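Two complexes are shown next, each including chain A; its partner changes from chain B in the first to chain C in the second.
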Partner chain A sequence: MDEQQLRIFVAIIQHYFAQETGRPAEVGSPYLCDPLQLPVHDFTGVIGISGNRKGCVYFSSPREILREMLLRAGETDVCDENLADLAGEIANTISGNARREFGHEFLISVPVVVHGSDQRISVPKDVRAYVIPFRWHKIDASLVVSVM
Partner chain B sequence: MFGIDLGKYRTIVISIALFLIFDLGVLVLNFFISSEIASDAVNVNLAGRQRMLTQRTAKLTLQLENRAAAGSGQATEMKELIAAFSLFDRTLAAFEQGGETAGGDGQPIHIAAVDDPVARTVLAEARRLWDPYQASIAAVIERGRADPETASELVRQAETANLPLLKLMNDLTTRVEELAASKATTLRAVQVAGISLATANFLIILFHFIRHLRESDRELERARRETDDILRTTQDGLFLLDGEGRIGSQFSSSLTRVLGTSQLAGRSFYEIISPAVTPKTLDTTREYIDLLLRHDVKEKLVVSLNPLECVEVNLAQGPGEAEVRYLQFGFNRVFEAGQVTHLLVTANDITRNVLLERELKASEERAKGQMGLLVEILQVEPATMNQFLRSAQDGLQHINRQLREQGSAREVGKETINSIYRIAHRVKGDASALGLTGLATSLHSLEDILSGLRERPALAGEDFLPVTVRVKGLFEEIEALYQAAGRVAQIRGVVSVEAPRPQHDPGVQALPFVQRWQAFAARLATEHDRRVELGYHGIDAETLPDPLRDALNSMVNQFIRNAIVHGIEDRETRRLRGKPETGRLSVYLSSREDGGVDLSFRDDGEGISVAKVREAAVRAGRLSKEEAAAMDSRRVVGLIFEPGLSTRDSVDEDGGRGAGLDTVKALVMQLGGQIRIGSTPGEYCHFRLSLGTLAPRAKAERSVQPQEEVVA
Partner chain C sequence: MKRLMIVDDSNIIRSKIARALGEHGLEVVGLAPNGEDAVERCVSSRPDVITMDITMPGMDGIECIRRIRAVNPTVRILVVSALADKATAIQALKEGAQGFVCKPFTEHDLTEAIGELFSED
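Now for the complex of A and B:
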């Protein structure tokens, strides 16, 4: 995945936060990470990528971010189910936009939401993944792009 | 038969036809003989009646005689005699020649002439007796009455003829009965024969066809089992496609695996493949199948249009994942009576083949790329290469750590960029020194990006994205070098491609690291149109601990680059200055008792120009003109160790960004040591480094400030 494609993923998330919360997420310095040490927070929306390239993209958020976003949206019920729904909505937004941007290049799956550190997040082995840190409301979340 | 090809049913049709013919024959015979028997029954009755009539005629002749003798009326007797007489006569004639007579009910009936010889003999005898008797009776009847003599004569004739006639009629009756009985027997025989034949035929049909049916069943069962075995074990997905594009009820087990679903029978082929292929491919497939189903289109002409020859399909494979498979579909026409009725489709999963093919291509491309690498690697001693790669990988990991430590900080410090820059520059220098030009170019491109970032007034984390992408690429390049070096090592392990080393090195000039420095200096000098000679004195650097040796190597490389790019003058200038055309680089390395080492690097170039450094500091925005003018020479010279400051006007792979001495400074900081500089403009530049043994960073911070000795 080249720089331009990574920028598109970053822009999708920035746009989502700016649109939904009125407060843009800060982007941290991207770095590389071994598959076994990837950051996984409380709720993770995983999008599979196949076709010419294979791997996955996920956005992993701590529950605090999701709770804050729900409260700002006027939702007072911040149960896990609602938090997972919100994580799914973020992943859907990424997936939908990515499909529009990259649909002709690779196949982008319907996202799934994983609660906690789950083995269902399968990233390609032997590939250094890009980790792009995000900070919103002083809470860190991570976008991980691991594509062969 | 009748132009109809009965095929395997011919025998059974013939058998059933025979059965019907037998039944029909029996029926016809039965009907014929039954009618004969019915006719004989009439004859028996009539013959019996003849007996009765002879008796009655005789009785009436006696009554007539009595009436004649008494002179009484004879009308009643005469009337009865006429009836009996004429009935007997007509019936006898009918028996003889066939004809009509009165039946038991008085109605006329027609009987056939009796043709049995015995009966005819009886009839002939009866005729012989009857004719005179009949003539006498007829004469009496004609007269209308009988006189006593005539009556007596008639009685006498009756007495003569009556009993023989009675006997003959009795014989006739018996004979006719025998004939009827005989026919009944024949009828029974015919019926028994017919039924027997029909039964035999039935049994033949039964046994013959049951055997054949069983054989057919066994054949069918065997064929079915064979088909099942084929469909169960074949690795190909096999199925029939009808004119509507529907999959037949029989398909191979592998098809389920190939198509990823078991619900196939009767389903539309298009419906099954539509989620996995593009709409365009689906449309083309429809058109292709329609073409194949048309018998007026030649199969060979359209076979090359098959859009599913190698189709990439994406199958859902668990949450959030999809599996890419490559499938191959082949279509063959199935004909029946000259018409295409179905298509036999073979479906295969050729993912493995496709991937192998791609891997092969990628390998070929890698091999091409690695050829260049191999050429570069072959020029470097394996231990040195490994040492470099390890050091380069450490450097990249260090860069990555710095990126990671930035985290999601909004503002990124310039120091991070400088630090990354120093590492990149050091690795680039080492790569250049080893002749790894590809890697050096990639690192130079990373330096370009970092230079751009350094110029920006403010930086956000996102700005480091190109850096991270380049670092990933560099990791991959180094891994490729590792692999290539591994191959070279394998080859070297099998075949010694190096010339054997001499038992005793003639001098330190032959030490491998010295030779590398010399080669690097020579190459760089050629690139910059200079002539240089590098001389070395001192200890064997290979005996030093790895980190110290790596750092020393990097520093000397930077000094060499710095000297050739900034120090050694072109030949013309040197000649004008009265110097030899060949510039002299001297490296001296000695160990101290405390485990540290001293490095001395001297070149006889134009030395450090304080004025140029001042200009560079102003150009880089480090100092205002006034500050630069006011700064003393020692501090000005110290600026050459600052990042981003170069006295060179243009930037290329070898210099111009002022990163070389910055890198040296960083390494000295890491090792804990001191730098001293001696320089006379137009004459020489001399760096003297006292290096510790990886002392704590804090210690290095204190002692890193360069101490200039001679500045003019």
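Now for the complex of A and C:
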């Protein structure tokens, strides 16, 4: 994954939050991260990537961001099940949108959602993992792209 | 009043679509979290229009469109998917969908697309 390809994910994050909330996310510079030190927040939606690429993309967020997004969308039930659902849906949407640039052989799995910031997300050992940090509603979250 | 069935594995997306289109005069007659469920409910719920996700556990949306077309050739199908590549949209249209809305979507995107599905009536 080169810088230009990472920019695709940066643009998708910016578009997603602007479209869904009317308030763009502030996206920081992507950085290469040790797989053992990858950020994990309260809810993490993980998408497996196969086809012409291999690896995973995950979206990880504190519950406050997800809760605020649900409320803004008119959803009054902000139970953990719906927060997890939203984390998975965001991961799915970001990965699915990436097919516009990577093509239809960039195959994405259905999301798997991990609950808890004490969890570890396994990424492929032979694939570099990049963290795209961002902030929305004054709270930090992360997109991790580990795709070759 | 048009009868609407919503097919999506995300509960919050089903709710979002139901809220948006319910306020625009569609009656929600079925909610399905996967393709298998959608094919069954399509027979019992007799929808006029279906919003269809593509990436779902088990039967995906493309296969679901194919099967629904076999039992109900007249229902209008609007794909609502995160898959933003042209090939997926073309495949969905080829299988019998009439419209495509890419996630993330606004209420306006949905109502406009639904309006277009029925513009020739």
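Note that the second predicted complex is superposed on the first by the 132 of 148 C-alpha atoms of A that agree within 3 Å, B and C clash if a C-alpha of one lies under 4 Å from a C-alpha of the other, contacts with A are read in each partner's own complex, and residues count from 1 in each chain.
Assume contacts are C-beta pairs under 8 Å (C-beta built on N, C-alpha and C of every residue); 3 or more make two chains touch, one makes a residue touch a chain.
Here the structure is a predicted model, which means the values were calculated and not measured.
J.: What does the overlay on chain A give for chain B and chain C, a clash or a fit?
T.: Aligned through their shared chain, the two binders fit side by side on chain A.
J.: Can A:Glu64 be said to touch chain B (first), chain C (second), both, or neither?
T.: In the superposition, A:Glu64 touches no partner, neither chain B nor chain C.
J.: Looking at the overlay, does A:Arg135 come into contact with chain B only (first), chain C only (second), both, or neither?
T.: In the superposition, A:Arg135 touches chain B alone.
J.: Is A:Asn82 contacted by the first partner chain B, the second partner chain C, both or neither?
T.: second
J.: Looking only at contacts as defined up top, I'd like to know whether chain B or chain C touches more of chain A.
T.: B
J.: According to the stated criteria, A:Val110 is in contact with first (chain B), second (chain C), both, or neither; which is it?
T.: both
J.: In the superposed arrangement, which partner chain does A:Cys56 touch: chain B (first), chain C (second), both, or neither?
T.: Only chain B is touched by A:Cys56; chain C is not.
J.: Least CA distance chain B-chain C after superposition, rounded to whole Å?
T.: Minimum C-alpha separation, chain B to chain C: 10 Å.
J.: So which positions on chain A get touched by both chain B and chain C?
T.: Shared contact residues on chain A: 110.
J.: Taking the complex as given, what residues does chain A use to touch chain C?
T.: Within the complex, chain A touches chain C at residues 15-16, 19-20, 70, 73-75, 81-82, 85-86, 88-89, 92-100, 103-104, 106, 108, 110.
J.: Flag every residue of chain C that touches chain A in the complex, lowest number first.
T.: Touching chain A: residues 9-13, 15-16, 19, 55-57, 81-85, 87-88, 102-106 of chain C.
J.: State the interface residues of chain B toward chain A in the complex, per the touch definition above.
T.: Per the stated touch rule, the residues are 312, 314, 316, 318-324, 400, 403-404, 406-410, 412, 460-462, 464-466, 468-469, 471-472, 475.
J.: Would you mind writing out the residues of chain A in touch with chain B in their complex?
T.: 2-3, 6-7, 10, 26-33, 46-48, 50-51, 54, 56, 107, 109-112, 120, 122, 128, 130-135, 140
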